[in-house]
Amino acid sequence: MATLGFIEYSDSSPEVRAVYDDIMRTRNTDWINNFWKALAHDPASLRRTWQSVKEIMAPGALDPLTKEMIYLAVSASNQCGYCIASHTAAARKAGMTDSMLSELMAVVGMANESNRLASGYQVEIDEQFKPR
Amino acid sequence: MATLGFIEYSDSSPEVRAVYDDIMRTRNTDWINNFWKALAHDPASLRRTWQSVKEIMAPGALDPLTKEMIYLAVSASNQCGYCIASHTAAARKAGMTDSMLSELMAVVGMANESNRLASGYQVEIDEQFKPR
Amino acid sequence: MATLGFIEYSDSSPEVRAVYDDIMRTRNTDWINNFWKALAHDPASLRRTWQSVKEIMAPGALDPLTKEMIYLAVSASNQCGYCIASHTAAARKAGMTDSMLSELMAVVGMANESNRLASGYQVEIDEQFKPR
Amino acid sequence: MATLGFIEYSDSSPEVRAVYDDIMRTRNTDWINNFWKALAHDPASLRRTWQSVKEIMAPGALDPLTKEMIYLAVSASNQCGYCIASHTAAARKAGMTDSMLSELMAVVGMANESNRLASGYQVEIDEQFKPR
Amino acid sequence: MATLGFIEYSDSSPEVRAVYDDIMRTRNTDWINNFWKALAHDPASLRRTWQSVKEIMAPGALDPLTKEMIYLAVSASNQCGYCIASHTAAARKAGMTDSMLSELMAVVGMANESNRLASGYQVEIDEQFKPR
Amino acid sequence: MATLGFIEYSDSSPEVRAVYDDIMRTRNTDWINNFWKALAHDPASLRRTWQSVKEIMAPGALDPLTKEMIYLAVSASNQCGYCIASHTAAARKAGMTDSMLSELMAVVGMANESNRLASGYQVEIDEQFKPR
């Protein structure tokens, strides 16, 4: 249900509604997912978070599918239930197939394994890898 | 220096050397980075870890650059110093430009932020996002 | 239901009951939440954990509300479902308003984002920030 | 050194310089710390991140000292070396004393302990704590 | 239900079935838990992950019970709900008693607390502890 | 250097010295490591943390070596540099061999991998694994 509950479109202030409208327009959908409805109790956070997401996830040097897959990879690594569910959906919508999902998860698993091996064995950074 | 020290190529057993040779051949390099030299005290772990990395990072439904960027994204999210350094180098070698790096980091940052907002506000998963 | 189940007040040994009584007295409540009932299978852990919580959360250089908010911030950052729920309630009881909760979550989100940017870009610590 | 190096004030573009000037003015300092100089290779990220930090850390329902302490608590919990160093300095500047620092760290430690006990024992959320 | 659903034994390909059979034989059980059935959509991941688990968890310098307890300790520390549930069961099957579970959780809690105190206070590594 | 610096034995108050003496006596050493010297600015935290560590790490249903290995496993999983260094030393002193260390790290790596696969694929907990 979310700590502060959800603010539905029909109950939203003009400020919140403007963000909801922009989310639906940008994402080409006709509904608002719970994340935004939970944030909407703090309109400044809602606006700022949406503006950041919109700007960061727009096509650039990386295409939207790659960005969505990185988002999902981080969410899986962080084990955020809500974010895994919502960004699996978003990445699929952007073109992620089942095979891509499986390979993504394999990389996430492997990175989590090797991160702990590198740290656990106290491995020093090679000179060749240090930023100059 | 690593907990157990490093096993250099010249001091390696045939079993370890075979893995080192395969790493250099597969990656088209002429040196072995510290991670593998620290693992080599446990030849079974060295072999198994390399086999997994080799299999997982090979081209498939995802291309090698995308895989390297996901690896880097997870390492940055986990804040593993060694892994960030080594996989920044690996991703660059696979074609990641400075702009791609910056956009990757922006997505990693944003995902980490929104993961905590979703969890912190106790946001319920939307029915539309649940796996069926 | 918790791995080992819950030990209810009516079924508790004198040692456990003494801790339960102190929890209710200190917190001015008439019930014991699941966390303590799950820990009570190990009376030494129950006693030690409660003593630590009682000592750490008592008013000192920081007031109880600030302490509760820090506790909630860490729990949200760690994405611990039980702890977010219980410490949201505790912080509210200590005086946290909805606006304070929203600002707290915004700081938690921002810190999680900038933590990864600092680590991901391998930013060196400024001389001015190093402990002397 | 940071992955992409630092952009110094004297070498900065007008867009970057405008952000640097606003940081120094807002924080009442005459220097720019490494975090921003590392981000400045991506002026859009620099501007967006600074705008978010500025907005989130401004006085509101929570005072700036409380916000800085929450930021430090999250950074300590995440074990981000750069962020612990920089936000210890920032919190001190905002008024955090040594005693407040020690109590903050005690709460961070305790929350990290109890988060794992709650999750590790698979403790169910009490009905009283569920959001309505 | 898992993102890609479960592949039941009766619906499995010969490749998947061979892994399922080896899991049941090695673990001396007559059923397959959800983790493997969710992975089975990617037979290469299923095979590789099972081979690694089988090799790593086999008796060696550490006995199977100790290995299972370390696995559970890491899962509790990472707060992975599925893994805590499944590895609590596995560790019990290997001989973990309720008292051992309680002591394990106490160590996990304490380590998580002291990890943050060490990092939060920016404690330098003692010369005596550095790897040589 | 640690945020608040170190309190050396020769400069310590009677309250701090009593804890230092108990640490050296219990651990059968003649020096105090940096962790405790950094905590000693807050004598109440020093005393409470030491009392908890002493109680938790004492022989019980689990022997001291197993406890030290669990402590190290959690520290490696959390990537706490100080804690990995100090608990590698402590576990070695308690009897951990190089082979045991390597197997421990392999389990830590594997658990971190499978934790993310379980969460990333949104795997439901099997009925058989649920606590009753």
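A, B, C, D, E and F are the chain letters, set down in written order, and residue numbers restart from 1 in every chain.
Basically, contacts are C-beta pairs under 8 Å (C-beta built on N, C-alpha and C of every residue); 3 or more make two chains touch, one makes a residue touch a chain.
Predicted, not measured: the structure shown is a model, and the values here were computed from it.
Q: Looking at the contacts, which chains touch chain A and chain D alike?
A: Where chain A and chain D share a partner, that partner set is B, C, E, F.
Q: Determine, using the mean of C-alpha atoms as each chain's centre, which chain is farthest from chain E.
A: D
Q: Report the chain whose mean Cα position is at the greatest distance from that of chain A.
A: F
Q: Call it same or different for chain B and chain E: same when shared residue numbers make up over half of all numbers used at their interface.
A: same
Q: Based only on mean CA positions, could you tell me how far chain D sits from chain E in angstrom?
A: Result: the chain centres lie 34 Å from each other.
Q: Can you compute the centre-to-centre distance for chain A and chain B, using the mean CA position of each chain? Integer Å is fine.
A: Whole-Å distance between the two chain centres: 20.
Q: Please tell me the distance, in whole Å, between the geometric centres of chain A and chain C computed from their C-alpha atoms.
A: Chain centroid spacing, chain A to chain C, equals 27 Å.
Q: Which residues does chain D have that touch at least 2 chains other than itself?
A: Residues 1-4, 45, 49, 52, 56, 77-81, 85, 88, 99, 102-103, 105-106, 108-110, 112-115, 117, 119-122, 130-131.
Q: Touching residues of chain B toward chain C in the complex: what are they?
A: 76-77, 79, 81, 84-85, 88, 105, 108-110, 112-117, 119-122
Q: Where on chain C does chain E make contact in their complex?
A: Residues 3-4, 41-42, 45, 49, 78-80, 131 of chain C touch chain E in their complex.
Q: Provide the residue numbers of chain B that touch chain E in the complex, in ascending order.
A: Result: residues 1-5, 44, 48, 51-52, 55-56, 130-132 of chain B touch chain E.
Q: Enumerate the contact residues on chain F facing chain E in the complex.
A: Chain F residues touching chain E: 1-4, 31, 33-35, 38-39, 45, 49, 52-53, 56-57, 60-62, 66-67, 69-71, 73-75, 77-78, 80-83, 85-89, 97, 99-100, 102-104, 106-108, 110-115, 117-126, 128-131.
Q: Write out the stretch or stretches of chain A touching chain E in their complex.
A: Interface residues on the chain A side: 79, 88, 98-99, 101-103, 105-106, 109, 122.
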